[in-house]
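Please read the structure below before turning to the comments.
First chain written, first letter: the chains are A, B, C and D, and each begins at residue 1.
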Amino acid sequence: MTELLDNGGGSAAARRFMAGREAWHWAEALPWVVAVAAFFVFPDYLALGTQILIAIIFALSLDLILGYAGIITLGHAAYFGAGAYGTGMLSAHLGWGEPISAMLFGGFVGGVLGFVSGWVLLRYHGLTLLMLTLATAIMLKEGANAAEEWTGGFDGLVGISIWPLLGSFEYDLWGKTYYCFALVVLLLCFLAARRIVHSAFGRSLVGIKGNVGRMHGVGTPVHGRLVAVYTLSAAMAGLAGGLFAESNAYVTLDVLSFARSGTVLIMLVLGGTGRLYGAFVGAAVYMILEDELAKLSPEFWEFGIGLLLVIVVLFFRRGLLGSLDDLRARSMGGGA
Amino acid sequence: MNYRKLFPGIIAMLGLAWSGANAETVKIGVVLPYSGGAAQFGEQIDRGMNLFVSQHKEAFGGHEIELIKRDSKRPGGDIAKNAVQELITREKVDLLTGFVFSPNAMASAPLINQAKVPMVIMNAGTAWIPKLSPYIARVSFTMWHAGYPMGGYASESLGCKTAVVGFTNYPPGKDSRNAFTTGFEKAGGKVLEAIPMGGPRQVPDFTPFFQRVKNAKPDCFYVFVPAGNHAVAVVKTYANLGMRAAGIRLIGPGDITQDTKLQDMPKEAAGMITVHHYSADYKTPVNLAFVKAWKAAYGADTTPDFMGVAGYDGMAAIAHAIKAQNGAVSADGTIKALSGWSYDSPRGKITIDPETRDIIQDSNVHKVVLKDGRMMIEVIGTIPQVKDPCKANGIGKCK
Amino acid sequence: MTAALQTIALGKHFGALHVTRQVNLSLAAGARHALIGPNGAGKTTLINLITGALSPDEGQVLLGGRDVTALPQARRVKQGLARTYQINQLFSDLSVLENVAISIAERVGAAGNFWRRASANSHVIDEAVELLARLKLDAYALTPVRELPYGRQRLVEIAITLGQKPTVLLLDEPAAGVPSAESHIILDAIAALPEQIAVLIIEHDMDIVFRFAKFITVLASGGIIAQGTPEQIAGDAHVRAVYLGQGGDV
Amino acid sequence: MEQVARAAISILFDGVAYGMLLFIISVGLSITMGLMGFANLAHGAFAMAGGYVLVSLMLTFDLPFIPALLLAAVAVAAVSVLFERFLYRRLYQADELDQVLLSIGLVFMATAAITFIYGPSTVSLKVPAYLQGQIDLWIGLFPAYRSFTIAVGGLLILALWYGFEGTIIGVKIRAAVDNRRMAQSIGINVDRLFVIAFALGSGLAALGGGLAIEIIGMSPTFSLTYLVFFLIVVAVGGLGSIRGAFVAALFLGIVDTAGKYLWPDGGAFFIYAMTIAVLLVKPEGLFGRA
């Protein structure tokens, strides 16, 4: 490898190396194959499937800030919820139910909120940031509870009526339409996220996460960069929220809850942070397990989830995907 | 086991020819909170349902039932709605029941409209819920069954001229506030203030709210809190602040004197007046038998409360509907069977109002008394066969 | 001619402790200026004040004649002020190439673009490759930094700052921790720095200082106690007293 | 005028009582987070364990209230040592996220286990007659149980103050909070300090959990429900600062009580607004080190 850059061939090799970092691996097709196959194999599980896809988008948005920029938050539901209420209120109060634009509006609301709150909050870090994000999300929830005329308060926002997708695909009980819709949205969000993390911008985020002092030293406008990625992430969370509102045709204060912020964090860390696909694995494993355990023993599903988390932390420290990597590296290292 | 899954189709075809000679298996989706803070309600209703099934196998007209239970967890709507969607599409249930929290029932209403699956509500008491779908029938109560008569009773019989309302700040709480205020002011009383006392998820420290009431000195203090954990805290705070000595009477719907919570309350609970449709201490033969069976099934230290009874009665209603349709359960058929259905429940006579699909039942005035070291409910008055006053008077969303 | 870097009466205190007092420095373009002084003299604090990591309580910092005292660190970098760190501040999981590319992308403004692939910024990559070749790091370009020997890591530290194309370069003990067998790498690199850059070097190793510096400032207790050519400083009795008093490493 | 005075007194009294409770439970969390850098979200589970052990001791073994309360605290402290040795210790050097995940996992398991053993309802207990109703404190009648809570909190803060200022072990703990590496290098057995601090924190939490039954109720979801409040006390007070935790807890108790009394429609709004305000101005908390 050391000779690669000799003799003027250096630039080409370097470019190949950089491009290699972004290259697609065959395994990356797996989740999509699974998702498409699930549509045909488990037609009765599409409602759950839709919720999983939405959770993946949400977890993916968190990965952008947590996994790449190192921003730890316990209030990410604020943006999910803002998106959900944005989309829901657009339909319930203004009568606009076109699903794609309404969802985009949810993303817009999430993004704006992310920009404003990020501008203030991202000057802090550590426990302080954790508490600030948490308190902000809860305040938002209290606000939504108080603004009952607009949000429906504790009752939830009823009267959301979503038009057929692209004018022809109705919402159906089996959730076919929304499963497909959510899958397409997820694909687009994923491509965007992948593009972002492999841009020079994304590299600078990794730099900020790894060594913020040095980034100041090379002239990075750190705060601005963090606000930018936070806004992107909040917008993506808002999209997920909008999709959630549409697929349920109902929004309650729950979308803003601490539990939702916590759960998405758990999902992501479970799958593995900073690798995009961690969101896929974490959200799917968590939700399927929750669904199955709840059926086995509705009263005590929590115990199983708790045990899983403890085991993951003790034995699979870098999340499920990270541990898979380690395992592969070890077996390959053994051979070399 | 597997062959049973293959057969329903064949059996159904045979059923066409044989019409009725066959036993059908009716699938019933049960959506209740089985985890989290509300799991105690799920447990009560679940026990009530099971008790009925074990006692009255014959009531189902020879048909088998299969209960498919799903955890609705929180009152957030989304989880319940997903559970309902899954029960309809994956499990293909014929009928839905359960529903402790109003938002969960509300969120699920559009689905049952679309799928035409009937829903028998066993708790969720926000008055206007049956307006959301023609396939909803309710065997529990509305907030107005207790709050409205309580208002009249407080003014006329307890001699309260002024009252303060303290309520948990969510739809049933506001519903109850409106019910009491309407009843009380119609009878000539004056509500000085209505104080929201935090949300339903967690029991707040009531002291600051009650201090405020103590300093306002009303004759009556009407409190609505969600059934369960809140009630004991309410009475304890009332006792600790010495409000009885200050001449303030604590009244409310039966949620604050829930049977399962009575024994945890301090002695100041004695003398509280509430209006409700059930207590385990009712001395009717039907109820005595019911409580006896309950204790035999679940232990001597357990007590059924109004949720347990709703589970029991709800199952009775479902059994009736199944029998009436001979196992072939449809939404329209179920509602038709339940319209006007009457039952001799542990709480007294109940009827499903054919007009509103809501329940008609007695509202009883309860007084808490201390007997042999046990808190007991004594019935000191009855307002017979109350139709939901919210819909009867066409108030707000009940119009 | 305006100085590339100038400080005017710079001062900083933490409570009653004055860590920097009345520091007047001036570096012309192409200067080779050393800042020496015993431990605790306030050298690193001074660097932090100049770069903007700390803000001074009094005085000014001028870059190319412009007052930058109120500007945050990143903006000063954009105006041509770069620094290395006494303890390596590298992105140790990334390759040498990427370490340098992050810096260059930042300078040319590519890092603000979240849609363009990093590998498509060919001018950034080309420049990085060329820079690494200049510092004889090209053989390590694709190696993760943490696998490099320490001396080479110090070199990466310098490479990152050169990616900024600075007009003023602050080297904070560039040879600190480098085993003597490798120190020539650093010395060569410093000797090969582009001529027009004004360089301020903080160093304990007097060999390096005297080999490299054309002008020396001596700092003690936060204040300047002597300034002059290497010969003048070497002959300064006061400086000797300070160093010998410290048992320092002259 | 008398009305206003009466309102002010009751707000202050109830606020202080609530604050004391928050302090007793949260102070251990502040120590563990400050000393060990461990984000232990399961701290409330130890409080919850204390509450349930107390109930069991009183109902099953018929112990009187105060001995049962103390015994519960000691028992939980002892058990917490096992957790520290076998679980927490393995993660002291780990990423905060892993710590969060582990402790949340423990919270879930604790919630499920408690539900399994005690059922999902709130538990309650019969406090002795002398703690019921009102007592005369010369300047007026006050709720007896809350007066007791304030007294316990007061005693604890004195004991902790003495323990940390006046004993060797306290000095060591403070030194280790300040600078762990330094403490280690001058020969302090940091490892053992961790066990002691963890057990102390858990024991205090258990004591607070026992006291909480009568004031804010106890159910299997306790540890998750009140987690946010404990974290607020720690963050607002400043990591590892006992004085900070005390001031923050009283502050939050009084603000929350005043908010409910004066502006019941505001809900929990006040407490979060104040938290945000404090942290924006003092990111390290009131008594935290920058």
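Keep this in mind: a contact is a pair of C-beta atoms (placed from the backbone, for glycine too) under 8 Å apart; a residue touches a chain by one contact, two chains touch by 3 or more.
Fair warning: this is a prediction, and the values are worked out from it, not measured in the lab.
Asker: Identify the chain pair joined by the greatest number of C-beta pairs in contact.
Answerer: More C-beta pairs are in contact between A-C than between any other chains.
Asker: Name the chain with the Cα centroid closest to the overall protein Cα centroid.
Answerer: Centre-most chain by C-alpha means: A.
Asker: Measuring centre to centre with C-alpha atoms, which chain is farthest from chain D?
Answerer: The chain farthest from chain D, judged by C-alpha centres, is C.
Asker: Could you work out how far the Cα centre of chain B sits from that of chain C, in whole Å?
Answerer: 75
Asker: If you average the CA atoms of chain C and of chain D, how far apart do the two points sit, in angstrom?
Answerer: Centres of chain C and chain D (C-alpha means) sit 49 Å apart.
Asker: Can you work out the whole-Å distance between the CA centroids of chain A and chain C?
Answerer: About 41 Å separates the centre of chain A from that of chain C.
Asker: Roughly how far is chain B from chain D, going centre to centre by Cα mean, in whole Å?
Answerer: 37
Asker: Which chain A residues touch at least two other chains?
Answerer: Touching at least two other chains: 145, 299-302.
Asker: Please list all residues of chain B that touch 2 or more other chains.
Answerer: If we look for residues of chain B contacting two or more partner chains, we find 35, 39, 169, 199.
Asker: I need the residues of chain D touching at least two other chains; which ones are they?
Answerer: In chain D, the residues touching two or more other chains are 112, 115, 120, 265, 267-268.
Asker: By the document's touch rule, what are all the touching chain pairs in this structure?
Answerer: Here the touching chain pairs work out to A-B, A-C, A-D, B-D.
Asker: So in the complex, the part of chain A that touches chain D is made up of which residues?
Answerer: Interface residues on chain A, with respect to chain D: 66, 72, 120, 124, 127-128, 130-132, 134-136, 138-139, 142-143, 145-146, 258, 262, 265-266, 269-270, 273, 299-303, 305-310, 312-314, 317.
Asker: Enumerate the contact residues on chain A facing chain C in the complex.
Answerer: Its residues touching chain C are 1-6, 10-11, 13-15, 17-19, 21-22, 195-196, 198-204, 206-207, 210-211, 213-214, 216-222, 225, 228-229, 232.
Asker: Across the complex, what residues on chain B touch chain A?
Answerer: Listed in rising order, the residues of chain B that touch chain A are 34-35, 39, 69-71, 74-78, 81-82, 85-86, 88-90, 102-103, 106-107, 110-111, 114-115, 126, 169-171, 199-200.
Asker: Can you check the complex and tell me which residues of chain D touch chain B?
Answerer: 3, 6-7, 10-11, 14, 18, 112, 115, 119-122, 124, 132-134, 141, 143-146, 214-217, 219-221, 225, 257-258, 260-261, 264-265, 267-268
Asker: Given the complex with chain B, which residues does chain A contribute to the contact?
Answerer: 44-48, 51, 145, 153-156, 158, 173-175, 244, 248-255, 257, 259, 294-295, 298-302
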